[in-house]
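The next part holds the structures, each set out as structure tokens.
Each of the next two complexes has chain A plus one other chain: chain B in the first, chain C in the second.
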Partner chain A sequence: MNKKALLKISNLAKSYGSVVALRDANFEVLPGEIHALLGANGAGKSTLVKILTGVISSDQGVIEVNGTPVKFTSPDNARKGGVAPVFQDPALIPDISIQRNLHLTGTNKNRFLKEIAQMGLTVDLNKLASEIELPLLRMIDLARALSHDPDLLILDEITAALPVDMAQKVISIMGQYKAQGKSVIFISHRLAEIEEICDRATVLRDGINVDTFDAAAGSEERIVASMLGDKNVSAKEHNQRSNKSENDILLKVEGLAGGKHLKSVSFEIHKGEVLGVAALEGQGQDLLFEILAGESKPSDGKIFINNNEVHFNHPDDAIKYGISYVPGDRKTALMPQRSIRENLALTRFRGLRNWGKINFRDEDSKVDGAIESLEIDTRAKSQVKRLSGGNQQKVTIGRWVTTGFDLLLCFDPTRGIDVGTKAQIYALIEKFANEGMAVLLFTSELREIQLACDRAIVLYEGKVQADLEYDNCDEASLLNAAHGLVGA
Partner chain B sequence: MNSIKLKRQSWNIGIILIALFLGSWQVSRLPVFGSYEARTFLLGILPIALLSMGQAIIIIGGGINLAIGAESVLINCLAARFMVDKSFTVAVALTIFFLLISVLVGALTGLIISKSKIADIIVTLATSFILIGLAMYIQPSPGGGMNLTLAHLISGKDSAFLPPLITLILPLIVIWLPLYRSRTGIAMFAIGSNKDSAFLSGVNVDRTRIKLYAIGGLFAGISGIALTAITLSGSPFASISNTATLNSVAGAVLGGVALSGGVGGLTGPALAALILYFIPTILLNYGIDPAYSQIITGALTIFVVLVGGLIRNRGKKK
Partner chain C sequence: MSTIKTFVGTRLTKSMLSLWAILIVLFVITGLVDHYFFTVPSIGVTFQLAVPLGLLAAGQTICMLTGGIDLSIAMIATGAAFIVSIKSPSGLGMALLYAFLFCVLIGTINGLAVGLLGMNPLIMTLGMNAVLIGVFTVGITTFLKGSSTMPDIIIKLSTATIIDPLSWPLVLWLLIGSAVLFLLTKSGLGRLIYAVGDNATAARLAGVRVWKVQLAAYILCSLFGGLAGLMIGGQSGAVSMSLADSLVLPSVAAVVIGGTSIMGGIGGYTGSIMGTLILTVLSYLLATLNSSEAVKQMIYGSIVLALAWTYSKLTEKS
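Take a look at the complex of A and B:
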């Protein structure tokens, strides 16, 4: 590889107070290359992206574009320098129309519409960004970045929020972009995507680049190994539980309907069972979870717990019946400015009398227990918002560990989380099930179903398209059912 | 106008309907309604409507200015003190100069907030004390005046209701419309809606905030000049400035500006000032205790914001 590097990063470092986010990062991106950037949560990927795009400045180190040292002072500045990012969180302003959003970044409207049309999508420019669903918003973000014709496109976990079909679209767009001689830095936790599209991969660990190699099929093990270092967490074989008995139906749902997407969903879940839910985007799965958590009301259908029909008017009702909900958006579940301790202890207030004193000693032991069993990284414990995404997710699950529950609803709990933390979360779910609790798990990553679940239902057009036993939950079957091709 | 746009205008339409209803009620109570009465209406709302518009710009941008009333009072005292017995040309030059000062005061406030990272509400509470102090220093007791030709040009005379109407509408056309269409205008909505996304979109958050406070200051300055033209004096009282500030917030909120930022316009707040003026006047006409009119104004504010908020939220749910 004697081509001159498009982007060269040397000795980049950044600390926030005593927390070192990036220690010493070095790597190159060649012209016409799709370069994967990998690493566990907190390894420094997001920090690196922020430095590359001028959101924050580095403490030390050099960034060179086409051999010239640059220092981007703002995202606007970076965009003009040929580096266009699509950030992990949507960067569109919610309260103004798409048209005005484009105006804000100086994006050519016709060019943008052309990009959107090439993706096979349509966008009403007069709509406010807040009126558009997340997956489409991500695609708009991407189209906007592409409209600026950057030499280097940075995609930070864009596929995490996308359903399978759109993620595939993003991958083909990256391929086309590469064919034009442009480069992409691609960040994703989905190793299959990395193998499919990327030329090379650089792995970060603890803020240092530990490995760079050609990303080809079969490199999965090398990726995982270098991401985790000496931590030995391979995605371990799922051992099926056999103690499940037909009489122990914990939750039964009959003909549940609501909103635009949820038509009629029926299923049951046994004690000690992990039931997976698979679906493409917009099949009503989010509303299903909200209804079971007492957050929304169904327009039709019945919910039974231990064979008694129940009605939820408020999340509190669901919690009383032992249902705990871990929402997909970590930000809605957490109090970002409070400490890990307070976030974990939040749900314990139910055990307190009004005006009663908090028993801190008891709380301490429970909270410490949860932190330990979940292996939460407590370096930045004073404010949850400073934790990495994976650690935040552990806190949202951990708070229910401190209180206890019968049924845990997990909506895409591993979105945007590294392999190691994912394995920890699977193990946690398995532990719950072994203790006799039930877990309903929606995941946007189909291979997770066989890693974590005993059985799976697939939703399609608001109905249960297929109810699959463990052995039939392979990715191909799930995908077919999710597209409405088999089953029912 | 398609349905999306219509829905977005629903707040303004609601406010117009309420204002029309109250207006016709008030007119029907009057023995005669002519241009003289029209001018009285306009003079009653002019200072507060301008102030509400200035406040609205700052709130849309995600801030709040508790010193906006003090800015207005300061300009009022400056104008009354230095414009008394001056020729028309000098008075006009002074007006421009004082408006520049109001812009500067606003920009300075925005600069302090941006650089210190202290919350808007704290900085502006502090600057309101400073500005009132300055006003009291400049004009220790109520008094002063203004060149009458200029005063009549701004606020009219006898039954000339056009000048105050122009003073009210001109800033909308000359300042608000170009602002709304400019990149700064989009940046205003952007930083009010989501500061981080705005920054990622390439908005210079600090500079935008300073500009918005400066424009808000300009509206406060125009309000102060208008107040001088109407009353022909300057009154350095904290109570006036505090009431004006609170009314400007009420006007902005009643006019459809979301306190959380990022949503709203200036027409609503201007009309809301009309409503805030009509209620006590009408009730007074009926001989109802002013205490009740305060209560009713408050209740109506909650009601309008509640209904408007419900409509808005329903529109947002998928």
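Take a look at the complex of A and C:
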């Protein structure tokens, strides 16, 4: 380390009331380095990024850029100081055009278009940000950040839920950027990406940097070990359940269609089965899940439960048939200002007959049961918005544990969640299946299919492109089918 | 676990404590300005005068917790009082029944418009307020012509002292207040009221028919409005078009002072009770200082704006 650090962070700390988000963070980013920032949910990554980009101020500690102490007071201020972030949720105002969004941040239009062209993309600048799909929006946000020529680019989970081709694009952009002698802080839960592109990695745990090392191939074990500390849990290998018969078909879907993307989807799912769904972005998977949950109506097709055709007008109808839905964006399923208890118990109060006096004894036992079986961290139980992402996700699943269900629809439940919590969620899904419940699981991380599912269907252009048995669910086969390369 | 519990505990008590502090300071100042204020009968009367506002605030709290607001509440109050005074010759029971049906009708229209048609609650209830003003202005000279005095029993329940400072209206408020607290903290509907206000999409995904909760909230709000109207009518003896006019803004202010978010999902009736008492003492103080109604409204308005600004700053930080 002869080179002088581009960014040096010393003793950074931040607390929200009595909740310590960042205790004592120290690390350096060298010029021309891609530095991974890792940590379980709640380890303090987001807080650190917010401080670095001037969104919030730290309680104590020093940030130095090129040896000069700095204090960014706003994102704009940070951008001028050479630090530009790109977040998982693009920082674009939805109701105005891309052009105006660029204007707001003082971005040079021609420069932006050049960056977009280099990514091999095209963007209509007159379109409203809300009309553009999330993956492209993230790339636009990235191009905008690059247009400011920052010395340090911060990418916060930008590849989460990004289709494989786009994620690959981001990685090659980072490589080019590094070649220009610039630096990147890269936050991701996808360890394969970290090993592929990063030079060094710093791991945060409980708000402290616990380890910094070269992120060479094979460092996965070390990453996981230092992220989890002594509570090391590894993702369990999948046990296959094999007692399927024609009689135990729980849900059958025939020719389901709706919206722009969902053309004609047919499949069946058995009791005690975990059926994976794999697809690139925009193949109709979102709508498929919403229709099965009673949140949207199909334009065509039939749904059968235990061989009886059903029609859903409201999520309540689906719930009555034992179908529970965990949406992809956990914010849509949570009441941020209410307690863990109220969030877990919410669905118990649907239906007029539950409007009366609460049976607190029964609620206590069900809520405590869910907290225990999901190992929810209740330190910040008064408001779920204070929980880490992983714990919030557990609450969205735990809600259904308090009432029971036959089929759980899980849309990308491990998106942006740390390795330890991921393993817990796989284990939970497996437990549901062993108890005879069925799980339909969409995941944007293809590797997860073999970790959690018994079988998988791959959607392509709104249809089932392939129906694969467990042994054929390797990443390569899934990816081929997802690109429409294998016949159904 | 326990540290967070105490943390939240102190946080809540802190805001409660500051409300108490404000109330006591106002109380003392008022007493210093007007020595009569510290006598038992005066305190009794002050409490009595707080009750109608407390009832309006109960309705407003329920509405605002769902993320709504009811600006037609003052005209609902006035309307209910009108109906009771006009129908009282045909018997108190009938009069109350008509007023009850009127409140349920208006609450239902407000609730359905907000819940099923997705109308903005501000616009909807403001429009409803205008419609009601029109109906009753025409009505009192035509189809609602008649007595404008309240039945004796209502006057008694609105004003009679049991033992100073305890009065019938205060007893009623204690009973109704307990029921509201029970509803919000111990009932399933209460949970749903908070849930809908915090995140209606989450509530729907959990199987809750959101519109039914909103409908219930607006009907309840309307009923509390009607009840308050009867009490105001009882306290002033006769009914007029401007009976509850000056209480719209205070009914919102009392709730906001008490810490209920205008966006819904957080707060409660205990805070609104404190807000009601603070505004009532403040209003007494302003009256002793010979302030006009205009000055009072200016002060209420400023309080709402200042608090709304403070709360938005607070939520921005967290």
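As a convention for this text, the second predicted complex is superposed on the first by the 477 of 488 C-alpha atoms of A that agree within 3 Å, B and C clash if a C-alpha of one lies under 4 Å from a C-alpha of the other, contacts with A are read in each partner's own complex, and residues count from 1 in each chain.
The rule we apply is simple: contacts are C-beta pairs under 8 Å (C-beta built on N, C-alpha and C of every residue); 3 or more make two chains touch, one makes a residue touch a chain.
Just so you know, these numbers come straight off a predicted model, no measurement behind them.
J.: Overlaying on chain A: chain B and chain C, fit or clash?
T.: Aligned through their shared chain, the two binders clash on chain A.
J.: If you stack the two complexes on chain A, which partner ends up touching A:E131: first (chain B), second (chain C), both, or neither?
T.: first
J.: Considering only touches as defined above, state whether A:V55 meets chain B (first), chain C (second), both or neither.
T.: In the superposed model, A:V55 contacts chain B only, not chain C.
J.: Of the partners chain B and chain C, which touch A:A345 in the superposed model: first, second, both, neither?
T.: Once the two structures are laid over each other on A, A:A345 reaches chain C alone.
J.: Using the superposition on chain A described above, determine whether A:G39 touches chain B (first), chain C (second), both, or neither.
T.: Neither partner.
J.: Between chain B (first) and chain C (second), which, if any, makes contact with A:H314: first, second, both or neither?
T.: Only chain C is touched by A:H314; chain B is not.
J.: Name the contact category of A:D95: first (chain B only), second (chain C only), both, or neither.
T.: After superposition on chain A, A:D95 lies in contact with chain B alone.
J.: Name the chain, either chain B or chain C, that contacts more residues of chain A.
T.: Touching more of chain A: C.
J.: In the superposed arrangement, which partner chain does A:T378 touch: chain B (first), chain C (second), both, or neither?
T.: So A:T378 only meets chain C here.
J.: Quick one: which of 181-189, 235-243 or 307-315 on chain C sits on top of chain B after the fit?
T.: Residues of chain C that run into chain B: 307-315.
J.: Just which bits of chain A does chain B share with chain C as contact spots?
T.: Shared contact residues on chain A (touching chain B in one complex, chain C in the other): none at all.
J.: For the complex, which residues does chain A have touching chain B?
T.: Residue positions touching the partner: 55, 74-77, 79, 85, 87, 89-96, 100-101, 103-106, 124, 126-127, 130-131, 133, 259-260.
J.: Taking the touch rule as given, give the residues of chain C at its contact with chain A in the complex, in rising order.
T.: 1, 3-4, 7-8, 11, 186-189, 191-192, 194-195, 198-199, 201-209, 212, 216, 261, 265-266, 318
J.: Taking the touch rule as given, give the residues of chain A at its contact with chain C in the complex, in rising order.
T.: Of all residues in chain A, those touching chain C are 16-19, 293, 295, 314-316, 319, 325, 327, 332-338, 342, 345-352, 354-358, 360, 378-382, 385, 399.
J.: Once bound in the complex, which stretches of chain B touch chain A?
T.: 2, 4-5, 183, 186-187, 189-190, 192-194, 196-204, 262-263, 315-316, 318
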